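The structures come next, written out as structure tokens.
Both complexes below contain chain A, partnered by chain B and then by chain C.
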Partner chain A sequence: MSTIVTVGAPRGSISLRSIVGRIGFLPALLVALVVGMSAVDPQFYGLINILNILRNASLLAIVACGQALVIVAGGFDLSVGAVVALASVVTAKTMAATAAAFPGNTALIIASGVAAGLGSGLVVGLINGFCVAKLKVSGFVVTLGTMSATAGVGLMITSGIPVYGMPDVFVKGFGRAQLFGLPTAVYAALAVIAVMMFVQRRTLFGRYVYAIGGNVDAAVVSGVSIQRHIVGTYVISSVLAALTGILLTAQVGSGQASFGGDRMMLQSIAAAVIGGVSLRGGVGRVEIVAVSALFLTILGNALNLLHVDSRLQPVFLGIIMVAAVALDEFSRRSKARV
Partner chain B sequence: MDVATDQTPAGPLLALRGISKRFTGIRALDRVDLDVHAGELHVLFGENGAGKSTLINVVSGTFASDEGTMHFGGEEVRHLTPQRARAIGISPVFQEFSLVPSLTVEENLFLGREVTSGGVLHAREMRKRATALIDELGFDLDPSQRVDDLSRAHQQMAEIAKALLGRVRLLILDEPTASLTERETGRLFELIARLKNQDVGLIYVSHRMREIRALADRVTILRDGRHIRTLDAATSTDGELVELMTGRKIDLLYPTIMHKPDKVMVDVENLTLADGSVRDVNFHARAGEITGIAGLVGCGKSELIRAIYGIEPIVSGMVRIDGLPYEFPAPRRSLKHGIAYFPANRVAEGLALSRPIRENASMTVLDLPAFARFGVLRQAAERIKIQGVMEALQLRPPNIERTAGALSGGNRQKVMLGRALTRELTVFLFDEPSVGIDVGAKLEVYEFMKRLVEAGAAVIVVSSELPEVLALSKRLYVMHHGRIAAELADAEKTEQNVLASFFREHLVAEVA
Partner chain C sequence: MSDLELSMTSESTIPKKSFPTEWLWRAVLPIALIALLLGFAAVDRSVLSPGNLLNIAQQTSYLALFAMAQTVVILTRGFDLALGPAVSMVSVGTALAMAGATAAGHDPSTVLLAGLGAGFGLGIACGLFNGMVIALLGVNPFVATLGSYNVAIGVATTLSAGRPVQGVPELFSQLFYGGSIFGIPAAISITLVIGLVLHLMLGRTVFGRSLYIIGTNPRAAAVAGLPVKRILIATYVLCSTLAALGAIMMTARTGSGEPNLGGSLSLQAIAGAVVGGTSLAGGRGGVGTAVLGALFVTILSNGMNLTRIDGYIQMVVLGAIVIIGVLLDRLRLERRQ
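Showing the complex of A and B:
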């Protein structure tokens, strides 16, 4: 298309720096980490370890995609970890209850459990979104509150004891099953990433989320309805967290209020930020966030294999996260106006 | 305000030689020379992107130059930082305010140079000096007020006061009158005259010919980062300056517009806003003509059109669009009714700076089936349409994937105008359309309005620049203190009549 072709220096002089600016340092870091670990420890590229990494990265990526969407819109979702736990518990409890009422009706048991789990995420997401959009409370505070409340509800339901009683098909046929040699969670994550990429690039919703995060006042003047879209980001984030909770439940075989938690919440934010999502809003793509989730998972795995003290591991995560944001700021500077 | 009294050497106060500055591939300054003498007001004149901002940023230490030397007061200055610049007496007043919104005026004035002993603030001393300075400047400013409670004009005053606190030898003013009223501008000019008498050198950036005529000793013209020429203000003509700046001949700043008044498109009856900024206003605008609204900063003229578009809450009154009542206006519905609004502050309300031009330009039309079906965007259609629109508006460089944050004021306004060309609109509300853009871009905006009106649209222009509304509008309303003070058409539409209607209102107010 001739109209797209533009003449001028900026196009002609694609430097290494601008390429790095476009895709980031992340893929390079990822490759370096994989190559380095493969050389150091053969256990790293063992099949069991690789499947383990992929499974954990998939779970983190699903949560991080939702988190990224909220941050792009200029918000924050601290409640994702607690939602993972709540959904796990709700799913397991519902399955157990349905199994008692309709014994043997496996399809109904699984459907009701999954629906209840996703529904619990939907409810938390709606509460988050409503408080942020309508009551104008900051997302940080709202989700801090729902995080605490949701974790409490999860503990109340279970009294801290794992919930069993799920159909075998759900655990062995789904949670622990492999398709073409890969765990089901990987396919779930790939599907989520694909859908979210489509949402971000090709839908009105995705475009408006960018606009709202980029400049909320400009979005208002442009006739974008803000509240609906803010609620939408929180709902998606919570439902994806709930999905992660269900996948974890299926894999482990019991519903536990200790799933997810603060660690998952912090990692999802770290994955988003390292994946180039700007905390000022308006910038960030889910596919890079997914790569960043994979990177973080491999990093954690590598530290384990290298027998780094588990108390020291969060220190590495912290350093990496700050360095990523510093690089982001560095590339933002020294940009000229024309 | 302390002014350095030490004898300046015979040479210029500031001497720049061969200053160059690059930003990732773009040459913002190319071997620029500049001399500013003590007691001289030196105007920098050029289009947006010509390098004026970069140059004053180099002088005030915000950016380091890549090449070239800088002498200040006869001594070579290297590794200049903003702190050092202030310490040696270089004081900049930037367009983008350097005030902390959550602090008071006084705290801002002393920010970074608080009066302390052993880390403890001397509040009373600072209050005394702040008050003394503000009194001397004659500004109507309360030092204990928070900056975010101030109007833009008052923020500008606080900014100027901040620059004049301490020892000043070179004052840099970047479009200082952009948000000042006539009276405040007069005060500023008196102040500038006083500073010149005290041998302070001034660098003054402005697009306003009237100010250049009133103040300048010499004018340096920049174009595309290069020094074009330095002229004596007294012996140069306006035409000469504009020609040098744009590199092309511009005969007329304001186009001749063929108004063909048709039916009433916007009819406002007894409109009062919730915050009281507009009270009992009646006015109308017709298709095929430009309706101007003039008035001082803060008179309610912006709020009036913002209310029609649906951003300011209305408490009573009626708005009719094309004869039909339009209740509870909201931006989305306004767009559907064919009303577009172009905000004065394009950074705050216009653009998402982190997003590409394409997304910014298509922001207002994505609800149309041509751009999205069932919530899924039609990207190819969007790209082609926006590329065409931005080419029609002569966006330079014509790359629609650049982020809006990388654009100059003129190009940002073009992105805003681009929104108007993407959907069917009949009413255009322009709020201070030429603030912060250069003469060349202004001309393009005026031509744009001309095309709209001649195609039969209703255009309402709100502006604090009197010559602009006078020249563009067919009928002109004058607002004062939230009310319509006068309606002037054709021959009555003169600067004297507009100013007289301000004064009449003033007298009435004083009698009451």
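Showing the complex of A and C:
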């Protein structure tokens, strides 16, 4: 399958079609959406709304980048939403506990909370990776299982009640702070995207992930250690989801087991898929996935501003997602025919 | 490439003379079921009381129906993530149609017909959408049904304005929940009948057999001249129709149309099918695996409820069970080779 794609792109002839094929129709859709909304509703390009969009898009983009990496390797991560929730409550609980033990030692409190949050993500990622790579259970089933288990642990720790008691510096000085007019989450997302772009293009790990997703057998024959790299993709995905959970916690000011959830998980997959990541594996770039996360966030925001009933909004999301993938499939087929 | 490889491995896995071990592997789940029941009974006697056993059977009949629906599409290497939201949508649609028909002053049988028509109509529409997007547009089943998942949630909550729909007539509840055939409660007898019909359909009809061929090797199915696209569409319609029937039965139980009825049913149904031994790689499974899996999941949660295990811990246990179930299935497959 993947051979068709690489052979199909004709070299030299830079037609409109090949440009569209290379960049995709996503940026065009994004520009159309922004221009259209700006014309309809001036509130759309108000500073508050733009900051709101950027903050939400950043959180989604971080999760979607990890999800994209897993899908490129030929897997799935259904547990990301639950990891966001778990990391949130673990971070908040740890900070509250450390604050009780060492009052006033803000640096230690924050460091331990963040470390515990990321650590919880690391553990879930390792379990996912171990079950998929070593026990060879399908990624869908494994992450379906860990999704349920992780959500259960998050609720168990908190009994479903929000956790408070984090230092002010963490919430006001980090989560809700702005640097050069932009929320901190935006910088975190940009850093993640930059690192992931580098990983995908320039590191052996990134190239091997493409190789594994494109053709496992060929990767095995070429001497790639499949297991280690698959574990790596699940760990990165979970740790990035945990990072989002921590950012969300800092922004809201409490740890909540209701963060993330199914909605975040489905949106991250939607962002990856609309961003051109093939569910067959081997194809996909994080920067386009990030643009796609921005697109999805703006779309939701636009529907809100246009006063589309919030209950009806999922209908649009669903149809756009299917249409995007159908278009992608269609262009692949027409390429294959050439 | 991988298609060919998969088909070869599953061809060679047809058991020939591995009589004792094969039977042992098959008996793992039933033995686990009985052990589970006895284990819970040791903690709390009431687990094995006739009342609770009937309760388990009744609860299983709903999940079994959904697991069967899910199994049908999983056989063809598909998925139906939209099953849960479709259940919500059908529940709301059925209740609304019946409430409307009652308000318009129609007689009870017309009201019933209106409700069933609306319910099955919505279910079939959902199945047609899934099937056509997957078969004709070539969209991955995961994405296609994730799309209709969102659409069905939107429709269900919009139609109901997010609130339960009242006005379900007594006759409807009586027929699909309260009543009984030969002393067997309605839900159980309906599931038994449907299970039997589906079992015969999967085993004895061209349509049923072709699902296994498509799941085992789609390319071979196409080369053999099977109308793969039409069969796939029919499969998703069958799946959604079964889900619609389950939704109607659950609506009769609650006595109102619930926009959140489906909740986590999609994943529960997949878990039920998979724990029972339905292979996500396609071509393996049936009514038996769906019922066994549903029974297992139901007994597990029933027992944990009765022995007062924290609901949050139950989620952890269920997650672990799903993974272990699939792991055991994979080990079984390897043993056969």
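The rule is simple: the second predicted complex is superposed on the first by the 323 of 338 C-alpha atoms of A that agree within 3 Å, B and C clash if a C-alpha of one lies under 4 Å from a C-alpha of the other, contacts with A are read in each partner's own complex, and residues count from 1 in each chain.
Following the convention adopted for this analysis, a residue touches a chain if its C-beta (ideal position, glycine included) is under 8 Å from a C-beta of that chain, and two chains touch if they have at least 3 such contacts.
Everything quoted here is computed from the prediction, not taken from an experiment.
By the touch criterion defined above, A:Leu243 lies against neither chain B nor chain C after alignment on the C-alpha atoms of chain A. Legend: residue contacts after superposition of the two complexes on their common chain; A:Ile269 is shown touching chain C, with no touch to chain B. Of the two partner chains, neither chain B nor chain C is touched by A:Leu54.
By the touch criterion defined above, A:Arg207 reaches chain B but does not reach chain C. In the superposed model, A:Leu317 makes contact with chain C only, not with chain B.
In the superposition on chain A, contact is made by A:Asp217 with both chain B and chain C.
Counting contacts by the rule stated earlier, residues 215, 217, 280 of chain A appear in both its interface with chain B and its interface with chain C. Of all the residues in chain A, the ones that touch chain B in their complex are 1, 3-4, 6-11, 13, 15, 17-18, 201-205, 207-208, 210-211, 213-215, 217-225, 278, 280-283, 334-338. Residue ranges on chain A touching chain C, taken from their complex, read 76, 131, 135-138, 140-142, 144-153, 155-156, 159, 215, 217, 266, 269-270, 273, 279-280, 309, 311-319, 321-322, 325-326, 329-330, 333.
Contacts from chain C toward chain A in the complex involve residues 1, 133, 137-140, 142-144, 146-151, 153-155, 157-158, 161-162, 267, 270-271, 274, 280-281, 310, 312-316, 318-323, 326-327, 330. Interface residues of chain B facing chain A in the complex, by the touch rule stated above, are 23-26, 28, 49, 309, 311, 330-335, 341, 343, 348-355, 359-360, 363-364, 366-367, 372, 375-377, 379, 383-384, 387-388, 391, 396-399, 402, 405-408, 411, 419.
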